[in-house]
Amino acid sequence: MTPDSVIIDTLFGSGLSRPITGIFREIIKRINESGCTVISVDIPSGLFGEDNEGNDINAIIKADFTLSFHFQKLSFMFPENEKFTGKVHLLPIGLHNSIIESTETPYRLIDSDMVKPLLKTRNKFDHKGTFGHGLMVGGSYGRMGAMVLGARAALRTGIGLVTCHIPSGGNLIMQCAVPEAMAIHDRSEKNISEIADPRSFSAAGIGPGMGKESETQTALQKFLVNCRIPVVIDADALNILSENKKWFSDIPPMSILTPHPKEFERLAGKKANGFDRLRNQVEFSLENKCIVVLKGAHTSISEPGGKVFFNSTGNNGMATAGSGDTLTGILMSLLAQGYEPLNASIAGVFIHGLAGDIAAGRLSCESMIASDIIDSIGEAFNRIREG
Amino acid sequence: MTPDSVIIDTLFGSGLSRPITGIFREIIKRINESGCTVISVDIPSGLFGEDNEGNDINAIIKADFTLSFHFQKLSFMFPENEKFTGKVHLLPIGLHNSIIESTETPYRLIDSDMVKPLLKTRNKFDHKGTFGHGLMVGGSYGRMGAMVLGARAALRTGIGLVTCHIPSGGNLIMQCAVPEAMAIHDRSEKNISEIADPRSFSAAGIGPGMGKESETQTALQKFLVNCRIPVVIDADALNILSENKKWFSDIPPMSILTPHPKEFERLAGKKANGFDRLRNQVEFSLENKCIVVLKGAHTSISEPGGKVFFNSTGNNGMATAGSGDTLTGILMSLLAQGYEPLNASIAGVFIHGLAGDIAAGRLSCESMIASDIIDSIGEAFNRIREG
Amino acid sequence: MTPDSVIIDTLFGSGLSRPITGIFREIIKRINESGCTVISVDIPSGLFGEDNEGNDINAIIKADFTLSFHFQKLSFMFPENEKFTGKVHLLPIGLHNSIIESTETPYRLIDSDMVKPLLKTRNKFDHKGTFGHGLMVGGSYGRMGAMVLGARAALRTGIGLVTCHIPSGGNLIMQCAVPEAMAIHDRSEKNISEIADPRSFSAAGIGPGMGKESETQTALQKFLVNCRIPVVIDADALNILSENKKWFSDIPPMSILTPHPKEFERLAGKKANGFDRLRNQVEFSLENKCIVVLKGAHTSISEPGGKVFFNSTGNNGMATAGSGDTLTGILMSLLAQGYEPLNASIAGVFIHGLAGDIAAGRLSCESMIASDIIDSIGEAFNRIREG
Amino acid sequence: MTPDSVIIDTLFGSGLSRPITGIFREIIKRINESGCTVISVDIPSGLFGEDNEGNDINAIIKADFTLSFHFQKLSFMFPENEKFTGKVHLLPIGLHNSIIESTETPYRLIDSDMVKPLLKTRNKFDHKGTFGHGLMVGGSYGRMGAMVLGARAALRTGIGLVTCHIPSGGNLIMQCAVPEAMAIHDRSEKNISEIADPRSFSAAGIGPGMGKESETQTALQKFLVNCRIPVVIDADALNILSENKKWFSDIPPMSILTPHPKEFERLAGKKANGFDRLRNQVEFSLENKCIVVLKGAHTSISEPGGKVFFNSTGNNGMATAGSGDTLTGILMSLLAQGYEPLNASIAGVFIHGLAGDIAAGRLSCESMIASDIIDSIGEAFNRIREG
């Protein structure tokens, strides 16, 4: 084996739930140290398909590329396994959709075929009322931009009207940057201290740029207790909940929570690996009767029934300031238009990622910013409808 | 009849003013329950061409598509009949324009051929004075964006100058967002309380984002009483009039009122169906000597002489925040340039809808926002001129 | 003569300095009343080439089109003669440039061939200092947009740095809208009351949106007296001078004044027709040792030596709010880069008009706004260089 | 020799370190006075390849064009020699890269081949944390735009998050213009007086628009003393250091300083010519253990080890307000993403220049502004990756 060689790894230990040992372990070690290009077929030898908690990480092939068939393996969804899989390519093998549908698994990959039928038809005589009126709550002194991005994203996803509840000091920023949105003002200049009664709105989004001041914490709890409309809970609203876990019971049923991994840790505890975190996510959804959208390279959506949906769009250029705020706006927009929370989550996450892919294609992953995601939502809708 | 069949419905009860009964009613019921694709020719059987007040809604074919000849039927203009017509397609049948012109009907569909000759020629030596100076009045704390959109739309429709009368607290928003517009400031920071004498202006638009504070109400009445220039009355200005119906007599003759259906209800009362609402609109125009632009999928324009013009451009993507404010700006712009109020209404509504169609084509109906309508006005002018 | 005929008018009274009388006058009357399409060759019969003061306006052909040879006649430059010439087309007749150059006339039409060699070459090692630092002075409460447009136009015309002296209340507007410009602040919040010493700047522009408050008047005079750098005087600065004609002597030599016709009337008095106004403009330049850029369809540039340059670019879409402010920015930018005032005027007016033509071609004359002129300056430079 | 002739100058005195004298000097004088087009091959006769301090400037050919082989000569990098070289064209002569690499010289020209391998790979599971959180410090009353440009440039170069420490009065400007950036506020409304502890950030940039108030000076020194993260020092931060040279020792090791020539003079003293200034730059880097990015037509990057890198991208259109602020943003962005300071400097300067070239190609050198550089960063990344 010279470093110039290519090694094809064809599953000499995969699919087991026990780590590879003995001579095979020795071979894996040699291959990993060889400097050769390693291509794993289906799954790197030694890597389990789902839970790798009990696995021996020194007994797993570190591939440069993995060629897998039709489906992603669950373990490919977790960041810690990228060092084993390298770049993953899926090969279609002609599976009929009906077979796929009937395969029993709680895990699904979201693709265009799944999202297209979820998109609501807009009728000729529909009016602003049909498309709903969303209430976005958040912002604080020095962090108003999150609200700007959230409101713009909501408007570009088909909502009828958006009103932003913001600290009064943010009025000029909001109105200059998003003339299409209306603003209502907190009595506090710099923070959220008391939130408008959401009864007259169709959906709400809360958290972007909101901060965690004690008056904001109180206001959030009251808001959740009174909230009878579908709601997206994001960012600092989640962080406040993390610091007041007894308020979990006040989260309205079927709310959508959109933590990134750090925020989810604060909410539900730290786990050693991706599989455990996923299990934790599913349990959290079940216990709190909510949808959790755990953001990442493969954003995972869990719901109280135990199903999990992994997103297939998006790229690392979306790891940029304000990217999460645009997702909150997209989700609130879909809820206001009457999408069921789970459908809103599936469609919203896919649209967000696809818009990000369109932006990155034009501007590079480095150069795209959150505003570019928003500007690409229209093309994302077009591609899904035409696709 | 299996659900896969296509049924062609060729008018076995249409054109009558009495509901279908007996065996034909039974057949219609069967067809509607069949699950087949139904295509009506000319008009769905059982549907009257104009007023369906006394009709039996269980005795009307529910078509998926209606193929009609050359003209839209009046009843197709009303939202409640979409469930009978499905998607309407017009088939040209070679009618000569002179025949169309001579057909006696108070109803006309606005198309490019009607609008093109209405557009004023701009001459080489024309200057800012030729194109007029418009006064836009409105805005309030948290709702200044409406004025931003209105002023931008006016500027992009050919006016010479725009001045905005706004609450003083809106100064920064307005000037940042629309450097081409000038601002004059109300003594009130958050509301309109006293409106500049409009004598030195060529036209005015009043209402966008204005609110209904009591000082604003008084200011509006004074403004209307003193107004000797053509004026567009929109949004909260209409809502104030609804709450002060005795002020109807203060509306300057040939003013353009631009209510959406809810606003029109408040002005003129609720009606059970589209035809009655249309009759009501015509009467309102007659009684108050004004033009009513009733916004909707087929915006209807009524004038004191009893004629009604239905718009043929536009789409449901325009059911988005600020869309109405852009129409107010467009209409004020045309009035300031010396268009007769009826011509301004016909041309303005058509341009607004066409700009919306251009925006939706590029961005999807979901993703387009009011600013995109404004940015497409130029291409709308080009298409009408070239069309 | 039926109204369908075309009449070719071949100069049966032109070139004279006395009005046409008798039978010829009668024929002209008949032609003008015929309803026929009239095409004049060279110049409509009866119209004088320059001064039509003493002419009999009932003895001049009213053409629909005039086909003229190589040159515009002077009288074609004046708005009041458009009704005689109709649309003017120039036919090239192969005149050699050297003949044109040697023809003795104080009047020249500015075209791309004249402007191209005036444009300064930018060298590889040139730096911000080479391109100058301009001071723009103006703005007032509610009219800050003029400064935004002026500063943007200056930056897009090649200047190194721009500083804006503005009322302190305009700081946020200016800095939000033009991050590339620096601001210095008047002690007054709403007006200009005391202007920074311009000694450290390369050129200045004064007037856009400035108002005429008495403190502003005093400040302007002091500024002019101290000004040792090339300066563009526009808008309200001109209006203040009109109200204080004794300050004319304080205008720094070779300043560029950019009045529109109304402003020029206030400065130099009203004249009955275009030719008299032109003579007045030439005299004004001579007496006040300044360049006058009289804005209009054919902007005329006069200089103390008696020469006049007419612009050949531009369109009526430029008769829009802020169009003049962008010209002020362009001229100041060229002065700051070391262009001689006359060259700056010729090149600046041509670039401004060409940018306007580019904007109108894309957006229609109705829909283009001043910001679009600014955004088209780059393409204007490219076209001149390539042309 | 008639002025129409072309003279080919083939090195009859070049490469020497002593000035040309006698008959050759006489010939050079004749050639320079001839009015002919002069083309020098390799280098104009009489010009030394590096240091021309002791040279006789009357004994050097003044070429219109210089055709040189594969490499730029060092002396071509200096503005004062442009009058000898005219426009320089490089002719490839098939040198193998390994020969180039092994040539011992402290001087390198930065090109796409050098930058491409420096660009970090972004991995699928990378998140905002991976791409760092930058702290940009600066701004003052009337000069906030520099911060707007710096923050935007940082975001468009791949950073995860940007926080701007600004005078509190700049809050609205910053948040309106860059919703993706967060702001923290100085206790002073108009200046920087106390800087946030940078410990929680990945990199910092300080200086744009900051002013030199005495409280700002104190704040800067404290900041430098406490700074343990990579930092870019620019603009007024450099000017403050120039006035407090004893603080040089507080500059954190391997900081990037980005002076333009005037700023560098204030820091390190004035030199008579480009070569001396370069030597001075190298010594400054060595003494202060920092990287100096001396901005100009061929920006030179010196580092403590004595190597110098000259940039090959960029154009005189970048001699425009705010161009330097965008470079600061780009460099801070790369540092925050974990680039070594020298690599950040090489890649950042090349990207900045290439983005400027893309902007100038679209808009002309005159019309491009700093915002256009920022908007072209994405295409610059794409070109380098594809190149």
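The chains carry the letters A, B, C and D, assigned in the order they are written, with residues numbered from 1 in each.
In the analysis below, a contact is a pair of C-beta atoms (placed from the backbone, for glycine too) under 8 Å apart; a residue touches a chain by one contact, two chains touch by 3 or more.
Just so we're clear, the structure is a prediction, and the values are computed from it rather than from any experiment.
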item	value
Same or different contact residues where chain C meets its copy chain B, judged by the half mark	different
Cα superposition angle of chain C on its copy chain D, in degrees to the nearest 5	90
Distance from chain D to chain A - Cα centre to Cα centre, in angstrom	40
Cα-centroid distance, chain A relative to chain C, in whole angstrom	57
In chain D, residues with contacts to at least two other chains	172, 176
Interfacial residue positions of chain A with respect to chain B in the complex	122-131, 155-162, 171-172, 175-176, 178-185, 377-379, 381-382, 385
Chain B-facing residues of chain C, complex	79, 82, 141-146, 148-149, 170, 172-173, 176-177, 260-261, 296-297, 315-317, 319-323, 362-371
